[in-house]
Every structure is written in C-alpha cells, then in structure tokens.
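What follows is a group of structures, each given as structure tokens.
Two complexes follow with chain A in common, the first pairing it with chain B and the second with chain C.
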Partner chain A sequence: MLRRFLPALVPTLLAIAGFCFSLSDPYFMEIFIMVGLIGTVAVAWNLMAGFTGLVSLGHSLFFGIGAYTVAYGQVGFGLGPLVTWPIAALLALASALFIGLLCFRYGLRGYFFSIATLAFSEVAFLLVSATLWLGRSDGMMLPSSPETLRYLQFDHKWPYGLIIVGFLALTLFLSQAFLATRPGFYWRAIRDNEGAAEALGVPAMRYKLLAFGLSAVVTAIGGAIFANTFAFVDPRSTLGVELSIQLLVFGIIGGLGLLWGPLLGAALLIPAGELLRTYLGAGFHGVNIVAYALLMIVLALLLPQGLGGVLAARLRRRAPKKQAAAGKALAVEAAP
Partner chain B sequence: MSTQQPLLAVAGLGKSFGGLRAVSDVSFGVMPGEIFGIIGPNGAGKTTLFNCLSGLLPLSAGAVRLDGRRIDGMRPHDICRLGLARTFQIVRPFHGMSVLENVKVASFSRHPSSAAAEHHARLALGRIGMAHLADLDAERLSVAEMRRLEIARAIATEPRLLLLDEMLAGLTATEAAALCEQIQRINAEGITIVMVEHSVPIISQLCGNAIVLNFGELLASGTTRAVLADARVQEAYLGSALS
Partner chain C sequence: MSTTIFLQALLSGLTNGAIYALVAVGLTLVFGVMRIVNFAHGEFLMLAMYGGYLAFTFLGIDPILAVFLVAPVLMLMGYLLFDGLIRPALKVPEINQMAVTLGLSLLLQYLALVVFKADNLLVTQERSTASIWLGPVLIQMPQAIAALASIILLGLFYLTLRKTDLGLIMRVVSQSRDGAALSGIDISGTYRWAMAIGLGTLGIAGPLMVSALYVNPHVGQLFTLKAFVIVIVGGMGSFGGVLIGALLVGVAESIAASWLTASVAAAVPFALLILVMLLRPEGLVPAGGSR
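Here is the complex of A and B:
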C-alpha cells in the first residue's frame, strides 16, 4: 500500500519541505506558488498526454474556465470559492466531455487532436478578450473584502502556498490511485495501441473521456486557485497558449511517462527562469529569454526521456537486478 | 449432436472498401469445442474477415452470431466481453509495460480489482508457459514469445471463442510445433478456436473443419480432409503445395 503510493508521497514531502523553506522570504514563496500551481496542473495534463497519449495543446481553456468562474463569481454575484470552485470544476468537466466526444467520435488522434484542443482554447481566448463584462483583454480585479476566509483573501502569500501544497498532494494521490488500478492500465494500453486495447475489452472511448474529464477538473481548480491567489485574471495569463505550451515543456523536460515528471520540470524551469531574469534581465533586453531557450534545448538534447526518466531508470536499475537473477534461476529450473 | 447450435454463425458476410470487395457472401458455422481452420492465399480476405468478426471493422452485409446472439455492429470491447477474443497477425504488445502488465490489461475485463486481475494474469501466463517472463519488458521478447504473449492476453479475457490470426508464420519448426501443442491444450481446456493459417500440414493436423477463401469468396467448406481434396481448391491455391 505504502509502496504503491510512493510516487505521490515523495513529491508531496518534498513540496512540504519546499514550502517550509519558502516561508523565509516572500519572493521564494511567490516562486514556490508558481511551481506548485503550474507543476500540479502539468501533472494533470500529463495524465492525458503521458499516460493516455492524448496531447492537449488547449489546457489553458480549463485553467481559464477556473480562473474566470472565480473572478466573475465574486465580481458579479459576490460568491466565494466554496461555491465558485465546484462550479468551475463542473464547467470544465462539461467542456472536456463536449470537446472529447466531438474529437473522439470523429476519430481525431495524434496531432489532429492537439490542434483541435488548441483551436477551442484560442476561440475562448478571443471571446473573453472581446467580452465587456469579463473585462476584455484588460482582465478583472477581484475586489478586496474584509471577509478573509469566505473569499480566501490573506495579507500574506504563505496561506496560498499552503492551499497549493494541499492541491498538489490531493492531485498526486488521486492520480496515483487511478494509475495503479484499472484506469491506469487501460490508459496506457490505449496510448500504446488503441485497437489492440479495444480487442482486449478496453472501452477506449469511456476511458479517454475519463482521463480528459479528470485532467480538466484538476486544471480548472488550478485556475481557480490562481484567481484567488493573485486576485486578478486576464486572458493572456489564464487562457493564453503560453500556458498550454508551458505544460507541454514541463512535461517533456521532466518526463512524460512519470506521475511526478512534470512537477520536476516545473521545479527546475520556473526557478531557472526567475534566476535568469534576475541576473541577466537587467542587461540586454531579452538575453534571459535566449538563455532560457538554450537551457531547454540542451536539456531536450541531453535527456530525450526527460530528467525524471533518467532518474527513474537509475532507481529501477538497482531493484530489477535481483528480479532478473530470480527469473533466470526459474528459467533454468524449468528447462530440463 | 447434430442439433447442437453453432457457437459462431456467420451468414452472408460481406465487406467492401469503397468499390473494392474484400470479402463477399461468406457463410460458415463453428461448433463449440472444435478447432476450425480458415485457409487462403495472401489477400484472400482472411484478416479482413477476422477484423469484421471482432468488431474492428463494420460489416457491409450479412450477420454474425455468437451463441445465437447478433454481435455485428457491436464495439470490439463489448464483443470481447461476450466471449470472443482474438490475436493479431502483426503482434501489438503494449511497449511501455511488462509482460505481466500486458496480460493484466486483458484480465481487468473480467476482474475489476487490481489484485484479482494480477492473479488471473499470472494464471494465463502459466497456461501458455510464460510465467518466468512475467517481469520482463514486453518489447524485449522474441517474435515467438510475442506471439505467445498475444495468446496469453487473449485467453486472459476468458473467451469462449478464440480467433488466431497466422500465429505460426515466421516461426522455426520447433517453435511452431510447441505453439501447436499449446493451442491444442487451450482447446482441450474448453476454448473453441478459429485459426487462419498458411501451412496446410498444420491445418490438417489441428482442424477438423475448415473453409477456403479465394479473392474474398468462399471456395469450399466442410471437413478439412474433404476441403483439401476439393479439385477447385487444389487448382486455385494448393496445386503446387500438395504435389
């Protein structure tokens, strides 16, 4: 039981350690919040991309649904997270099922699925950017209120960090619970060969929708937390394609086939981006972005399986030696 | 026993791709417990026929009944749950998984809990003599082992009827003989088998009844001995092989 949840437990403990460390400085806490939030959303994205083989390029849609539901819920109706978060989750679930049914019904796979999801998120981006009551491209401020807990408004950043630790832990354990049981096996079978999976009794459509729905709900909660944490939403930071690309990059650099891979990617690349901005950004304009791009190219060339893939292979190499030896002994016994 | 109902009944099955008729008007019945052969040259429509039976391709005409129940038009996973399993001529292992996990995917269709699925997956591997390979990465198996993995996965879905698509092609004589023995053992354990095969000696050794396909049409059907002796069959396809 403990062993099964190790891939969720270890990152959670590391995140708690990172949170405690970040308590020393509000700047660190801000970085921790971005790593935890975007990293967790990347984990949810990876349930589809890494485990089911459905590479979404439009996950900002669900993030934006979460962020804007919280923002408009408070601005328009005075609703707090207790109401807006569940609504955000439901809206994201409904959108995912709609897009999923449409795409899977017409057999969109591979790149075509990715392009379709990108198209949906871009349409949402343009719609919101042009909608007056959602603040157009200027975005919306969440009005401050004395009711701290009802609207999750705190003077410091650390309570948000704490919420994100909870969000991260919940997502990791929930995902691992799925991955270690039937859905996880079915997802990987669909990823590896959908036709063979179906012939072996895997209802592919249903399980693809399950992955899509789960991933979208977690992403929307991430967007909702974003809105509450920064008390501000705008199309570019919550619905833009940059966010979707970020998830892809963290996944690829961290390791696609691993639950915690994208989290590792975020934990490495977000602080690296900040460091480069601090130390290089003051000089030539844009030098830090060039350096960041170079870092990603080097990582992608050196570690095609992602940083996590290399780490996992190291860890695995120790254990199965015993197993392989045992297997050989068995084979020798069975031979004569 | 002549009143017994066939386990698989195919009536007037046809399949066209655009204007091309891959299979037309094929009918046959498979009785419970037998090993049934399908013979035919390359391009005769054997694999297309299998794809139609297992639900991967929709039929253009005709009907397929499993134990009296219409299964044409059903999704592959539903057909699998009703007890029809198949293997693929071009093996399709799940690369990212171990041998055991590959089989576990299949046994999940009968046993929802992970522990039960794993237990039955190990049983299936044992039945096909692969228990010692359980923890190996599936992609590291040899061709013969991958064929057996295909069978292990198929029997892990606990089928009544198993469709084997050219299991023996490309194997050495020793490997083929071993696999034949295992196919017979699986059959003896109560699974009806329909096999597509090129090799006439193997079909005549294993199969009581057989059909011959040629250019998508049924050329002959009946007992294997009668079918192979049929003059049209010899002329169309086997002429050189038997002489």
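Here is the complex of A and C:
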C-alpha cells in the first residue's frame, strides 16, 4: 500500500520540506507558491497529455475561469472562496465537456486537438480583455477585507503556501489512486492506441471527456487559489497562451510518463528562471525564456522521457541491482 | 454610407486575406508533406519582416527589392532547420515534436526581443501614405503591393505544385510516404525542399508586409495562430482550402473590426474556427480531392 503511493508521498514530503525552508524568507515563499501552484496544475494537465494522449494547449482557459470566478465573485457579489471555488470547478467542468464534446465528436486528434484548444483559450483571452466588468486587460483587484478567513486574506504569504501544499498533496494522491483504477488503465490504453482500445470495448469518447473534465477542474482550482493568493487577476497571467505553453515545458522537461514529472519540471525551472532573472538583471528580459526554450528543444529531442524518467530509471535500477546484473550476464551469454 | 463602409471593409479584408493566404500556404505545405506542424512558422515571418526593415534602414534597399535578398536567406534557413531540428524531430513522438517547434518559436521570439528590443518598427517611404481609389473605396499602396505580390506568388506556387516534377514529388510524398520511398523518391530531400519553400514564401511576404504592418518580436505568434485557423478552416492540407480560408478570415476580421472593438474583432477568426468545427468538421474544402 505504502509502496503504491510512493510517487505521491515522496513529492508531498519534499513539498512540505520546501515549505518549511521557504518560511525563512518571503521571497522564497513566493517562489515556493509558484512552483507548488503551477506544478500541481501541470500535473493535472499531464493527466490528459501524458496519460490519455490529449495535448491541450488551452489549459489557461480553465485556470482563467478559476481565477476570474473568484475575482468577480468577490468584487461583484461579495462571495468568498467557500462559494466561488465550487462554482469555478463547475464552470470549468462544463466548458471542458463542451469543448471536448465538440473536438472529439469530429475526431480532432493530435495536433488539431491542441490547436483547437488553443483557439478556445485565445477567444476567452481576447473577450475578457475587452469586457469592461472584468477589468479589460488591466485586470481586477480583489478588495481587501477584515474578514480573514471568509475571504482567505492573510497578511503573510505562508498560509497560502500551506493551502498549496494541501492542493498539491490532494491532487497527487487522488491522481495516483485514480490511475490504479479501471478508468485509469483505460486512459493509458487510449493513449497508446485509441483504435485498438475502442475495438476492445473501451468507450474512448467517455474516458477522454473524463480526463478532460478532471484535468480542467483541478486547473480551475489552481486558478482560484492563484486569485486568492495574489488578490489580483489579469488576462495575460491567467488566460494567456504563455501559461499553457509553460505546462507543456514543465511536462517535457520533467517527464510526461510520470505523475510527478511536471512537478519536477516546475521545481527545477521556476527557481532557475528566478535566479537567471536576478543575476542577469532586468536589462536582459527574456533571457530566462531563451534558456527555457533551448532546454526544451534539446530535452524533447534527446531525452524524450524527461529528467524525471531518467531519475526514475536510475532509482529502479538501484533497487534490484543483483537481478539486473544477473540478467545482463545472461544476455551477454546469449548474444553470440 | 453604410454600404461604403461595408465595401471598404470587404476590400481591406480581401487584401489582408491575400496576404494571410501567402503566410498560411507555407504552413500547409510543410504539414501536408511532412505531417509536422511548425509552431515557429510565424516567427520566421517575423524574421523576414526584420530582414526587410534592416535592408531598408541600413542598405537603403526598397522592400520590393529586398524580397530578392530575404527570400533566399529564409530558404536557406528552412534548409538548415530541416537538418538541424526537424529531421531529428521526425523520430520522436508527436508531443515532443510539438515541444521542439514551440521551443523554437519561443527561442526566436525572445532572441529577437534581446536583439531588436520590443519597439514597433515600420518601413516608411514616400509611397507608404499613397493610396488608390477604386470607386468609392480606397486601398493603401503598401497593402495593394503586398496583396498583388501574394496573388502572383500563390499562382506561381500553384503552378509549381501542379506542373513541375518537384510539385509532383511533393504531392506523392504527402499522399503516401512509403509508396514514394518505394518508388525511389528521396524522402529527406523532398522534406528539405518543402521546408525551404515553406519558409521561402515567408521571405517574400515579410519584406512586403513590413511597410504595411509594424514588426515587433511577438508579431509572429499572431500570424502562426491565424495561419492555423486558416489551415483548419480550409480543410487541413488543400491549396484551394487555404485560399478560401484566408479570404474568409481576412474579410470576417475586417468587417468585425468596423463594428466591434479591436479586441473582440481579434477573436473573430477563432470564433470562425469554432463555427466551422461545429458545422463543417471536414473543413470548407475537404482535403484529398484537390490536393
């Protein structure tokens, strides 16, 4: 039992350690928050991309739905997270099912599915940027309120860090449990060969929609947490293409085949990007993205399993070393 | 009055559409032949636009003549890009291919940002402000030149695809890669040419566009997205489809722009894509017949 949940437990423990370390400095806490938040969203994205074979390039749509539901709920109706988070999840679920139905019914696959999702998120981005009551491209500020708990408004950043640790742990454990169930195996069957899976009686459409819906819900909660944490939302940072591409970058670099792969990608790249920005100064805006991009190209070509895949293979090899050595000797004997 | 506005919007939509077609046709060629979507397509257009700008600013070359300088450079880039990135990318899973070309797109965008800064640049000449009256409506000179050139080029492109051996080979490879290989066609060579021509069309479009449209490091992204929309609307891989898709997108956009705010109008091409997906999933001109 413990062994089965190791892929969720180890990252959670590391996240708790990271949280404790970040308590020392608000700047570290800010970085930790971004890693935990975007990393968890990337894990949810990867349930689709890595486990079901559906590469969404429009996940910022769901993140934005989450963020804007919280922001507008508070500004317009004075609603707190207790109400707005579930609404955000429902809205994201509904839009994911709508988009999924539209795309899958017409057999959009591979590249074309990705481009269609990108188109949807771009429509949302442009429309929100033009909508007066959503603050246009300037964004919306969440008004501060003395009711700390009702609106999740704290004077420090660390309570948000704690919420994000919970979000991360919950996502990892639930995903890990889900992947061991029948639908979880269906996902991977669809990823590996959709036609064959359908021929064996897997209702591919239903399980693709399930993957899309679940992934969207987690992403929307991420967006909701983002809005509460920073008390500010704007189209560029919550609905922009950059966010969606970032998820792909973290996935590719961390490894798409692993639940915790994208989290590893986020944990490596977000602090590295911060470091680059701090040391190279503001004059070199964009150098961190150049480095991201180069790393992504090189890893996508040379290391398709990602850094996490290499790490996992190394760990696996170390455990049954003797067996492996014996097997190797046999193979050598058999070779000539 | 309202009719004039409509006609004006229609005309500028058609001119924009002609330019979009030239941009999208290269993307279709590369996708049709190699089954790989180049997310960095627009970034090469951005480079070509900078090429035209630099040639005008530092060498005093007219953008129309700069085409003869920039297009070969872009073709060479396509040639090198194939051997450097695309050939190895053909061996990895699709999602990794996506990561490679998306990575390239980011790389070029931000390198351009480092080199050229974020300023909007434009080639301004005497004829930039000139315009031609066509009855009640008018057309800006730079747009007219770009649209005319792209119509001529699309014609040439079509003839190449239809009447030359290279065009025949490319059509064969796009229909069946294995069949082509069995008939002794050099697949890698064909891919290389497709890439070179695909980017070469941008080398022609870029310098002409930079006297009509500001260039900045992020201008390419917009065109990549529009080109995708055009390709899907047009049926993913047919030449006629790209033409119709491009004109449709151009016209829809410019008509929307005369009634709605700029930001909503910018969403129109995507809304069009969603509509086509809903109503005609095979695209307006289904591929296959007119390949």
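Going forward, the second predicted complex is superposed on the first by the 296 of 336 C-alpha atoms of A that agree within 3 Å, B and C clash if a C-alpha of one lies under 4 Å from a C-alpha of the other, contacts with A are read in each partner's own complex, and residues count from 1 in each chain.
In this section, a residue touches a chain if its C-beta (ideal position, glycine included) is under 8 Å from a C-beta of that chain, and two chains touch if they have at least 3 such contacts.
Keep in mind it's a predicted model, so treat the numbers as computed, not measured.
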{"item": "Which of chain B and chain C A:86 touches, first, second, both or neither", "value": "neither"}
{"item": "Partner contacting more residues of chain A (chain B vs chain C)", "value": "C"}
{"item": "Touching partner for A:293 - first (chain B), second (chain C), both, neither", "value": "second"}
{"item": "First (chain B), second (chain C), both or neither touched by A:102", "value": "second"}
{"item": "Which of chain B and chain C A:111 touches, first, second, both or neither", "value": "second"}
{"item": "First (chain B), second (chain C), both or neither touched by A:78", "value": "neither"}
{"item": "Touched partner set for A:202, first chain B, second chain C, both or neither", "value": "first"}
{"item": "Residues of chain A at both interfaces, chain B in one complex, chain C in the other", "value": "none"}
{"item": "Complex interface listing, chain A residues touching chain B", "value": "180-182, 185-186, 188-189, 191-193, 195-204, 257, 320, 323-324, 327, 330-331, 334"}
{"item": "Sites on chain A touched by chain C in the complex", "value": "49, 55, 102-103, 105-108, 110-112, 114-116, 118-120, 122-123, 126-127, 129-130, 136-137, 241, 245, 248-249, 252, 256, 284-287, 289-290, 292-294, 296-297, 300-301, 304"}
{"item": "Touch list for chain C against partner chain A, complex", "value": "37, 85, 88-89, 92-100, 102-104, 106-107, 109-111, 113-114, 221, 225, 228-229, 232, 236, 261, 263-264, 266-267, 270-271, 273-274, 277-278, 281"}
{"item": "Footprint of chain A on chain B - complex, ascending", "value": "54-56, 75-77, 80-81, 85-86, 88, 92-97, 101, 104-106, 108-110, 112-114, 117, 131-133, 135-136, 153-154, 156-157"}
